[in-house]
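Each of the two complexes below includes chain A, the first together with chain B, the second together with chain C.
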Partner chain A sequence: MDMMIFGASANTVSGNALWRTLLLSFFAFMLFIISAGTVGAQTQRLDITEGQIAPIPVAIAEFTGPDGLPSEVGRQISQIISDDLVSSGLFSAVDSAAFIKPPESPSIRPNFSNWSPLGAKGLLVGSAFLDADGLLQIEFVLWDIVSQRNITEGGGSANQSGIRRIAHQIADFVYQEFTGDSPYFDTQVVYVSESGPRDRRVKRLAIMDQDGFNHKFLTSGLDLVLTPRFSPTAHEVAYLNYFNDEPNVYLLDIASGRTERLGSFPGMTFAPRFDPDGNKLIMSLAQDGRTDIFQMDLRTQSLTQLTRSASIDTSPSFAPDGSRVVFNSDRGGSQQLYVMDANGKNVKRISFRKGRYATPVWSPRGDIIAFTKMFKGEFFIGVMNVDGSGERLLARGFLVEAPTWAPNGRVLMYFKQEPVSNDGQGGETYLYRVDITGFNERRVSTPADASDPAWSPLLQ
Partner chain B sequence: MIKRLLPLFAASLLLAACETASTSSSDGASEVQSSSATAAASSSSTAATEAATSSSEAPSARTIAENQLASVGNTVLFGFDSASLTDAAQATLNRQAAFMQASPTLRVVIGGHADERGTREYNLALGERRAAATRDYLVAKGVNAARVRIISYGKERPVAVGSNDVSWAKNRRAVTALN
Partner chain C sequence: MQRMAQFIRQPVALSLGFHVLVVTLFTVGWPFLTSDETDTQPLIVVDIVRTVPNTNLAGADGGGKAADVEQEETLKKPPPPPPPPPPAPVPKPVAQAKPAPKVAPKPVVDDAEILPSKIVSAPVARPKPEAPKALKKPVSAPVSAPVSRPKPPQKKVTPVPKAKPNKLAKQSRQKEKADALNGLLQNLAEATQAKEAEENQKAQKKALNKQLAQNLTAAVGDALKTPSNSSIMPLGVSDIDRLRSHISKHWTPPVGAKGASQLKVDIFVKLERDGTVTRAEIVDKSRFNRDKLFSVAARAARSAILEASPLPLPAEKYELWKEFIFGFDPINM
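Then we have the complex of A and B:
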C-alpha cells in the first residue's frame, strides 16, 4: 500500500482547464476526435516497477445520456473501461452498486465528501449517447478524489463501430494518468487460431482487440500459417505461409486482405520481424541444413546476410532503436541467446544459466529481453537484462512459448499448451498474459485454441 | 550460394501440382514403415515404377511406387535435437538410394520433422537440417540432387500425437515421399 502514493498535490489549478486537442483516430467513414487535457503535473504517481502492487481503487460511473441518467451505450462504455483497467492488475473497480449517485453530467463537479469514504482514489464520469445521426457523442472527466482536482478530460465522437475503441482510449488516459506509464488498451493482437486433429492441425491467422473482442479470421485455413508479426503501423502482418507446400515469409495487408510472397529463394524463409521503421524485415533462411539470419529491404526484396555459420540462427528481434538484434543460435552446442549489431558484427552470447533459450524479443522500452526457456522438461517465459543479467522467470508450464510485448513493455502475452494423450485428447492451447512483475497471469479469451500471439503497437 | 540452387527450386515449382497428394500419402505410408524393412528394390518393383512414370501418372501405378518406397522404409528417425544419421537410418537410406537408382525418373520430397519439445522456429530449422542430412546422404549414394526436394514441417505434423517420449521419438523424423 505504501506504493500507492497518489494525489498529494497542493497545486490548486482551476478545473476549467484549456483542452489540449489530440487527434487520435480516424475510422473508415468517420472522423473521431478525442481531446484531453492534463491539469497540472504535480500528481504523485504509483511506482509500478517492482513487486506486487495493491491495485488502485477507481470508481467508474456509468456514462450518462442527455437526461442525466445512465444511457445504454454509456453503461457499455463504462464496462469496457472498467474491464480494461482491472485486467491490468493495477486497478480495482469500486463496486458500482455502492455508488453515490454520480453527477448527471461531466460538467458538474462531484460532491467529493460522498466519494472519499468509498476508498476510491479516482472517479471517472462521463456522458455518452447516440445523436440523431446515430453517432456516438462522448465526454469524460477524470477526477482525483483526494486532491479534488480534475486530472484529465476529453471528448469526441465516433460511428458505432468505433465505440469500443473510444472506450479503450479513455481507459488508456486513466491508465496513463495514474501509472505514469504509456498505455496499451487501444491495441490489437494477431495470432494463430488452431482447430482439428493434432496430426493435421488447421491453422488460421486471426486478429482481435487486446480484450478479445472484434475477432476476425484473416486466412481461410487451407494453407498452414505460423508466426504472424505486426508492422510498426499495425497495418501489415508478416507471417510464414505454406502456400503450395513452399514455406515462405508473406506480407498481409490487413485492411485489403491482400497477401504477397516476399521474394523467391532456394530454401525456406521464416521467423520474420520488422525493424522499428517498418522498412526492413529480419528473418531466417534455411538452406542445406544451415539456418542463417538475413535482412530484407522491403522495397527491393533484396536480402543481406547477417550471420554466417553452420548452426541454426533464428528468431531474430530488433532493439527498439534498430541498432542491435537479439537471436537464438545453437552455435555453442545448445540453443542460447546472442546479441549482435544490426550489421551482424560483434556477436555476443548473453544467456549463461542452465537450460536452452529461445524466441528472444526485445522490450519496446529497450531495457530487457523476453524469452522462452527449456529446462528439465519444463518450459518457461522469462525476461533478462540486455547483457544477460537479472534473469526472472514469469510463467511456466508443460509448454509455454512465444512471448510478445504490449507496446508499453509492461505486459507479456504468450501461449500455453497442455500435454496431449496418445489418443489426441487434451492439448488445450490458449493465450495468456502476465505482468512483467510475474503477477496477474490471465487467460486471453479466444473462440478456439490459439498460439503464436503478436501484440500490436498502439493503434493510430 | 543463393543462385546455386536455383535449378532445384525451379524443378520444385513445376512439380507443385502433385504436392497435395504426396503430402497426404506420406502420412499413410509411414504407418507401414515398420512392417517391412525386407525388400530392397527388386526388378519387379523397378518395372512397376517405370510403369508409374511412363503411363502419365496412372494413380494405381503411383500407389504401387509409394508402397515400394514404404516397403524399403520411407522414414528415418533422429535423436533429440540431432540431425545425425544413425546406423539404422543409414541402412534405410541405402535402400532408398537403391530404389531411386532403380527408378531413375522418380522424384521425391523429403519432409523433415521435429518433436514438440522445442520452440516453433528453431524446430522449423531443425526439420530442415534433418531433411537436408537425409537428402545429402542419398546424393552421396549417387542419387541426382535435382530429383530430391526437401521441406521442413518443424513440429507442425506429428505422426504420433501423445506428449510422451515414445511419441516424441517417432516424430523426430525425415519422411521420403514421391514428389
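Then we have the complex of A and C:
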C-alpha cells in the first residue's frame, strides 16, 4: 500500500510535469503563430481614393523632315493633333517655346531630363514629309516621360488630301493610350445648317469633320430637312424631308451623294434611327390619333408595330447590342422615358424625376442614356443610367436639344438656341459639345446657324 | 492510474488531448501557470545575485562566478542589454525592461532602429535562466518538503513496541525504547534525506519548466518586437494623411471611361530611407497586358508614385515603410 501510495504520488508529479509541458508547448505554438503573422506583415498598404481631375500635359513636337528640322506638313500635322487633344478637355499641350531641345527624329530616344521639368507626361515625336512621288510619309512615337517608356508607335503614307485625317488618327492613338477610351477624332458630323429670316428659314444638310473642317453641304435647301441619323455601318444618312408639308424619309449615300426615298410617313416628326446592324430602322408614326413605335426592315421595307397604346410614344433609340429600345411616352400622364425589349415587350419606365423627358439616345458604349429635359421653362441635356438611376444634367439653356453621341460614348453634341428678343434679335443656334463628366462644353464652329447634329461612327 | 499515465504518454493521445483542450487551455491554462509562485521568483532572484556576489550561496555554487561574469559583461555594454521580456505582470522586472519602451517614443533614429536588431541577434536571454537554477533550491525546499515524506517512517515505527512484561524485560524495554528512538531518529534522518532528494528532483523539474517558459516568452517577445515594429512605432494618422495627400496631388486617374470607377490598381513600391522611390511595379501584370483601360489606369498610378517621389515619410520609422503597396481606387471620383 505504501508503495502504491508513493507510486501514485510519483505519477501525479510526472503527470503535472507532462501537463505543464503541454501547456507551454501550446502557448509557444500560439505565440509563434502570432509573431510569425506580425513578422510577415512587413509591407504596409495605403489606398489612395482621391486624385486630380486635370488635363494631361503632353508635349507634341513638330514633326520633322529627313533633315531633322520641322517640315511644313509636319507643323500642320502637329497642330491638328494638338488641337484635337486639347479640344477633348482631357489634355493640355506643353508650349513648344519651352522645349529645351526639340527632337529631331522619332527613331532617336529622347533625353527625358529635358522633358520632365516641363511637367509633360507624354511626348509625341514624329516625322512627316512628302516623298518623290508626292506621297506623305509619316512616322511617330509616343513616349511616357515619367516611366521613360515607349507607349506606342506607328507610321504610314497617304496622299496630300489625307493630311487632316492622318493627323486625326494619330491624335486618336494618343487619346486612347492616355485615357483608355476608344477614340473619336477621325469622325464626321452631319447637321442641319440654317439660314435666312425666321419665317422663311432655309435648312440644308451639311457635313464636316468633328473639328469643323472640311465643311460641305449635302442638300440644296429647296426642301425642309430635319433630324439626320448616321448609319452605324455604312457611310449613309437617313433624314426627314418635308415636301408639300408631307414628311418623307430619305437615305443619302454621302460618298456618292445619291439619295433614296424610303417612303412617306404622315405625322412623323423625327427621322428613324438605325439598329446596330444597319439593317433596320425604328421610328414613330401617327395613325388614327395615336403615335406608336414601328420597325422597318430596310431590305423588305416591311413595317412591324412595337407599341400599341392610346398615348404618344416617340423618339425610339436602340441599345448598342440591339436588344432593347428606349423611347419617350406620355402614357403615365407626363412625358417620361421608357425602355422595352426590341420586340416591344417588357416596357418599363426609367425616369421619375420632375420635368418632361424627350429625345433619348442610347450611348454607343451601352451604359448610359442621354436625353433632353424640360423643367420650369428651361431645357437641359442630361444623362442617366439605363435603369434610370444616376441622372446628371450636363448643359442648360433657353433651348438645348437633339443630343448625339460621339462613337466612343464619351462626348455629347447638341444644339443650343439663344432666346429671341422683342426686337427680333437673337435666336442664334449653334452646335456645342460636352464631356459626359459635365466639363469642357465647347461650341463647334460652323459657317452658319446649326441644329440637329448627328455624329458619325469612326471613319473606315 | 497507470493505464491513465500510459495512455497520456502515447503520441496520438497527446495530440488528441492537445486539440480537444485548446479552449480550456486558453481560459484555465494561463492562470495555472502564472499562479505558481516559483514562476515569479527568478526575476527577483536575478537582482539578488547581481548585487550580492559573495554570499554563501554564491560561494557554494561553483557556477556563480561564471554567472556573475556574464552579467558584468552585459552591464559593461554601452547600450543597456534588452532583457528577455517576460509577460511582465511583476512590477520589479518592469524597471529593467524600461529602456526599450523609453527608446521607442524618442525621435532618435539610430536608437529606435538599432535596438530591435540587437534584440534579434544577441542571445541575451541566456544568463537569466542560469541564475535561477542555482537559487531555486533554497526557495523551493521549504515549500515542498513537509508535505509528502513524514508519514512512511511513522508507520514503520508503530509496530515495534510489542514485547513481554518482565522486570528484566523492563531494562531491555528501556533499551529497546532507546534503540527504537534511535531507529526512529535514523528513520527520520533517512526520510529527510529521501525527502530532500525528491525535493531536489521537483526543484529541478520546476527550474526546467521555468527556464523553458522564460526562453519561449523571451524568444517570442524578441520576435514580436524586432522585425515587424508595428506595435512599437506604427505610422501615425498624420503620417498617413500627409502621404495620402501628397500622392493624390500627382494622381490623375482616367475618369469618365466606361468602368473606370471600378478600376483599382495596386502598385508595389520600394523606398529609400529618404523616401525616394527605387521601384514601382504594377502588381497585376497579366491584366496590365490584356486590359487596355486597366493598363492606362495602372500607368497613371505608377506615374503618380514616381512623380511624388520622394514620399514624405518619417525616417525613424523606415523599417515600417521601406516596402509599400499603394492601392489606387477611383471609386470616390
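The definition used in the following text is that the second predicted complex is superposed on the first by the 395 of 460 C-alpha atoms of A that agree within 3 Å, B and C clash if a C-alpha of one lies under 4 Å from a C-alpha of the other, contacts with A are read in each partner's own complex, and residues count from 1 in each chain.
Everything below uses one rule, namely that a contact is a pair of C-beta atoms (placed from the backbone, for glycine too) under 8 Å apart; a residue touches a chain by one contact, two chains touch by 3 or more.
Computed from a prediction, not measured in an experiment: that's the story for all the values here.
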{"item": "First (chain B), second (chain C), both or neither touched by A:253", "value": "neither"}
{"item": "First, second, both or neither for A:452, with chain B first and chain C second", "value": "first"}
{"item": "Partner chain in contact with A:201 - chain B first, chain C second, else both or neither", "value": "first"}
{"item": "Touched partner set for A:367, first chain B, second chain C, both or neither", "value": "second"}
{"item": "Partner chain in contact with A:277 - chain B first, chain C second, else both or neither", "value": "neither"}
{"item": "First (chain B), second (chain C), both or neither touched by A:428", "value": "neither"}
{"item": "Partner chain(s) touched by A:265 [first = chain B, second = chain C, both, neither]", "value": "first"}
{"item": "Chain B versus chain C as contact partner of A:95, first or second or both or neither", "value": "neither"}
{"item": "Those residues of chain A which chain B touches in one complex and chain C touches in the other", "value": "none"}
{"item": "Interfacial residue positions of chain A with respect to chain C in the complex", "value": "2, 6, 8-9, 11, 13-15, 17-18, 20-28, 31-32, 34-36, 38-39, 41-54, 56, 121, 144, 146-147, 151, 176-181, 365, 367, 409-410, 435-437"}
{"item": "Complex contact set, residues of chain C against chain A", "value": "1-2, 5, 8-9, 14, 17-18, 22, 25, 29-30, 32-33, 148, 152, 155, 202, 205, 209, 212-213, 216-217, 220, 223-224, 227-228, 230-231, 235, 240, 243-244, 247-258, 260, 268, 292-297, 299, 301-304, 306-307, 320-321, 323-333"}
{"item": "Contacting residues of chain A [partner chain B, same complex]", "value": "197-201, 203, 224, 226-227, 240, 244-247, 264-268, 270-271, 284, 286-291, 303, 312, 314-315, 328, 330, 334-335, 358-359, 372, 374, 398-399, 401-402, 417, 419-424, 426-427, 452"}
{"item": "Complex contact set, residues of chain B against chain A", "value": "1-2, 4-6, 8-9, 12, 16, 19-20, 23, 27, 81, 83, 116-122, 124-126, 128-129, 132-133, 136, 151-152, 156-164, 167"}
